[in-house]
Amino acid sequence: MKLMEVLNEIHQQVLPSLGQGKVATYIPALANVDPMQFGMAITLNDGQYYGVGSYRTPFSIQSISKVFSYTLALRTYQDGLYKRVWREPSGNPFNSLVQLEYEAGIPRNPFINAGAIVVCDSLVSHFNDHERAFNEILGFIHQCSGDNSITIDEVVAKSEMAHGFRNIALANLMKSFDNFDNDVNTVLQTYFKHCSIVMNAQQLSRSMLYLANNGTDPISKKQLINATQAKRINSLMLTCGHYDASGDFAFRVGLPGKSGVGGGIVAVVPGKMAIAVYSPALNEYGNSLVGTKALELFTTKTGLSIF
Amino acid sequence: MKLMEVLNEIHQQVLPSLGQGKVATYIPALANVDPMQFGMAITLNDGQYYGVGSYRTPFSIQSISKVFSYTLALRTYQDGLYKRVWREPSGNPFNSLVQLEYEAGIPRNPFINAGAIVVCDSLVSHFNDHERAFNEILGFIHQCSGDNSITIDEVVAKSEMAHGFRNIALANLMKSFDNFDNDVNTVLQTYFKHCSIVMNAQQLSRSMLYLANNGTDPISKKQLINATQAKRINSLMLTCGHYDASGDFAFRVGLPGKSGVGGGIVAVVPGKMAIAVYSPALNEYGNSLVGTKALELFTTKTGLSIF
Amino acid sequence: MKLMEVLNEIHQQVLPSLGQGKVATYIPALANVDPMQFGMAITLNDGQYYGVGSYRTPFSIQSISKVFSYTLALRTYQDGLYKRVWREPSGNPFNSLVQLEYEAGIPRNPFINAGAIVVCDSLVSHFNDHERAFNEILGFIHQCSGDNSITIDEVVAKSEMAHGFRNIALANLMKSFDNFDNDVNTVLQTYFKHCSIVMNAQQLSRSMLYLANNGTDPISKKQLINATQAKRINSLMLTCGHYDASGDFAFRVGLPGKSGVGGGIVAVVPGKMAIAVYSPALNEYGNSLVGTKALELFTTKTGLSIF
Amino acid sequence: MKLMEVLNEIHQQVLPSLGQGKVATYIPALANVDPMQFGMAITLNDGQYYGVGSYRTPFSIQSISKVFSYTLALRTYQDGLYKRVWREPSGNPFNSLVQLEYEAGIPRNPFINAGAIVVCDSLVSHFNDHERAFNEILGFIHQCSGDNSITIDEVVAKSEMAHGFRNIALANLMKSFDNFDNDVNTVLQTYFKHCSIVMNAQQLSRSMLYLANNGTDPISKKQLINATQAKRINSLMLTCGHYDASGDFAFRVGLPGKSGVGGGIVAVVPGKMAIAVYSPALNEYGNSLVGTKALELFTTKTGLSIF
């Protein structure tokens, strides 16, 4: 079956599920999004792409940004990064302080909030400045996507900052355990800004090709990270990419992936392609409800699960 | 046996234990204190007092200040306060975030850090300003002690503020649960300043007489709180006054009491007197090691346990 | 005011609250009890007693039995007992395995289930046999109450045994940590049988006089434990006697006490008297709802709080 | 590079690491095993196999047995099984009661002890008898491996039973939450017996081919489960197969796998082959230390990671 047919079939099959789930409500900019949207895009390693529905509608990538910041930090610090952020599933909600306290301020993985915050802290240290750290992350996304027009939604960024008490708590808890080097507020600016980056499904699928191609962007031919690092990021997305429903996603979809509360999910088929879906209503674990269904249909129809 | 003899006997008996335990080290101002000090003072409801050892040496009262701020907040908000801070032993260390997260931002009691911070927040709200809130607490201590010379150690206050990441985390976590009204940093200034108040054992024992006399200071005859409130604060000191060693203190000493990491402990004999000890080396639970022994000896010798 | 008048007043005042709360439902024998009952009895150290309502109605004493087994074990092992069961409030439900696992199989106190089970294990070891251990506990209750007719409800005992999976879990968890010496099932027979002892409020208040009189039963003049041990049991009842509402009970009532899910509560006024109430409907923490109110009224009316 | 060369290279490279780690010591039968052993076997989907070192030395498969019992239960109950055992990484040690209590008796996944015990319970229910349930599991292993000689080590089974207090605790805790149907002791006999099955690395690699071939054993051509089920078991092995080091294994090795405290690990290369290693000294997480290294070398050398 051709990929465009697959996308069209999926589109038809998920339409009845639109309306289930709930959009994120902790900030107005996300709460006001139309929950009935659905878009899906695939980009192959050779650059061909396919899209269906609202695949060109920009949305807030939120936690999907953690893949980019982690890639940059891993490239910068290599194995040194593991002293500061571990690589195990957490078995707890994405913003829990409990495990962080029991485990002396070392976050379980870079895809829970505490882990991504410490990743941002490491980048602020490396680039000596929180604005430059953010610009480096954004520049890296420009590279990955081949699109320099991508930018942030300032309203979302400010709104996140104004409601980020729990993230401030996480950062200060890590600081109390000496796993935080810079001023909490400046690092959180980098963190919230990179969560507020806006992309559409097509841009997102394009930007993840380096993970489908052993660390080298297959279109620009530029090596962004090495093959081992790419495999490791994929393994992390598989085991930890969907908060406390990561096992469920691996079980049903069978692909490395990362979701955001803005309703986006990206998934990687190693050696072949990257996929992005967008549908803002979330399931009880904070992952796009229809997006997860669409990806489950995708691997069922194509047999492209890694398992 | 006369109380002065009791004090002298205790002094002799605890001398060999000086040198055990460790002074608090998280800020230099506490770390540099001489661990070999011991002082103890008793003030009776009729105003007579007895002292032994370094009972006139000023020290940082630290968490003992939580008794005063809680008294003031209880007088201000009465039963309304219990919606924001509960009255159960915590079964966890004094600064744990775990229970606070499981229990949706409502601290177990006002004598763990989170509880005292929310008490300070309530006072900042009531007095419309964090400096005024602190001044009201200090003024209340002046009333309780009949001594307007008591003030804070600014070096300790600044040092606490600079190392208070975990307390900032606690406050932000409560704010994320909507149990915090004011700006975190301003409330923490009130909190850290009132922890940095300096008193000696004699002043401290004098200042607690209102709890030994049903809420009315027996010397000035001024009613500070009502009898029910005084009994309740005493019960809270008994069940929660010594962090995660409160049961042990009740077991061994049998009096309502409150300790601070500066090495002070106060205890109340309802209807009769208040006692304060000072010895800066702490046991594994953060309570004065020799101070606890001295109070255990006191109730053994006098039979004045409430049980 | 005379005590009989106090009791009558309390009786009138609590009548409107009968019907609130819920009886324990985990075994049929408790679920079928009439929730509208209320009885209260006081016995003075001189042997005078007062009763109101259903104060002669027998009921299942359940966890109140833990006071007797602990007394016997403390008399047997003295300070050696603290290696196996600690004396801190738990901050967790009465039957939680969480804290027990974190704390390597040492229960926080003898009044949570795990603690009472390890106390029974120690008595089975000492008396070399689980039936004899139970008989020694029962014999001790006969001594304390001066009443040899007290016995158990076999139906309740069997029912408890048949539904005791969580208690079996607790015992096996302690065994895995080497804090359990005998066969789990035989020890649990001792445990469940002593929880199934049947007494009325008058018998219960009479049986606690040794704790109101420094360890010596004031009527038989027999010393059951020493004064220090008696004070320590009182302190434990105050800090740990009502599961995760112990602080609340101390706060509202201000007396050492112990409750059972059968609807009974005992309280001790050191030096003066013991009190027992019975009303089977429980509050959300598993303590008699009307019983707690009655005791709160008692200390408010008489001023007999220890604080 | 040919697979036999790969195995020989790995053998040489891991030799210096023999002697690190520690064998399991909780039962004598495991404690007395020679820690210096290493064996590794590969079986391809076409039946060809390769072996190196002690690849024919029989050992206790321990938790690897959970893959077989889960396969059988999934085939029996299909999606109905997920009501009783979930499919998320736990973020906790393999035998923790904490999470099980917080999550009301539903184990996180079938590869932690609680999960495997509930799987055995479901099989005892289905086969109406605990001996038959065990025999069905053993018969299934005979089918998967094409080898009817495989059996259990009775000494290990008895020893496990005699030291299984924590597992008894887990089972009783689930029973208290109504997630357990049969008598605890009989189910645990099934559980401990299937953990005591003895296999060598060659047999183990052969027996996992059905997971490398979409549920159908490629040699006998018999369909054991359907393709979706096979993928799901592979995803579970990837996210949950190595206790609280599952993320680390996915990260370093990049293959679905399952380890046992006897020192064995199996791994699956979907579509191609299954691999088994044996080396009894364990790392701090209870997984074979040298076995993990050998598998990491294998995917590094062959590029056969699924990522």
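First chain written, first letter: the chains are A, B, C and D, and each begins at residue 1.
Rule of thumb we're sticking to: a contact is a pair of C-beta atoms (placed from the backbone, for glycine too) under 8 Å apart; a residue touches a chain by one contact, two chains touch by 3 or more.
As the structure is a computational prediction, the values presented were derived from the model and not from experiment.
Chains that count as touching both subunit B and subunit C, per the definition above, do not exist in this structure. Note on connectivity: the fewest steps through touching chains from subunit A to subunit C is 2. Among the other chains, the CA centroid farthest from that of subunit C is the one of A.
Between subunit A and subunit D, the centres computed from C-alpha atoms are 32 Å apart. Centre-to-centre, using mean CA coordinates, subunit C is 47 Å away from subunit D. Rounded to whole angstrom, the centroid-to-centroid distance between subunit B and subunit D, based on C-alpha atoms, equals 55 Å.
For subunit C, residues touching at least two other chains: there are none. Pairs of chains meeting the touch criterion are A-B, A-D, B-C, C-D. Within the complex formed with subunit A, the subunit D residues making contact are 86-92, 99, 108-109, 228, 230-232, 234-236, 238-240, 244-248, 250-251, 254, 256, 270, 300, 305-307.
Within the complex formed with subunit B, the subunit A residues making contact are 96-98, 101-102, 165-166, 168-173, 175-176, 184.
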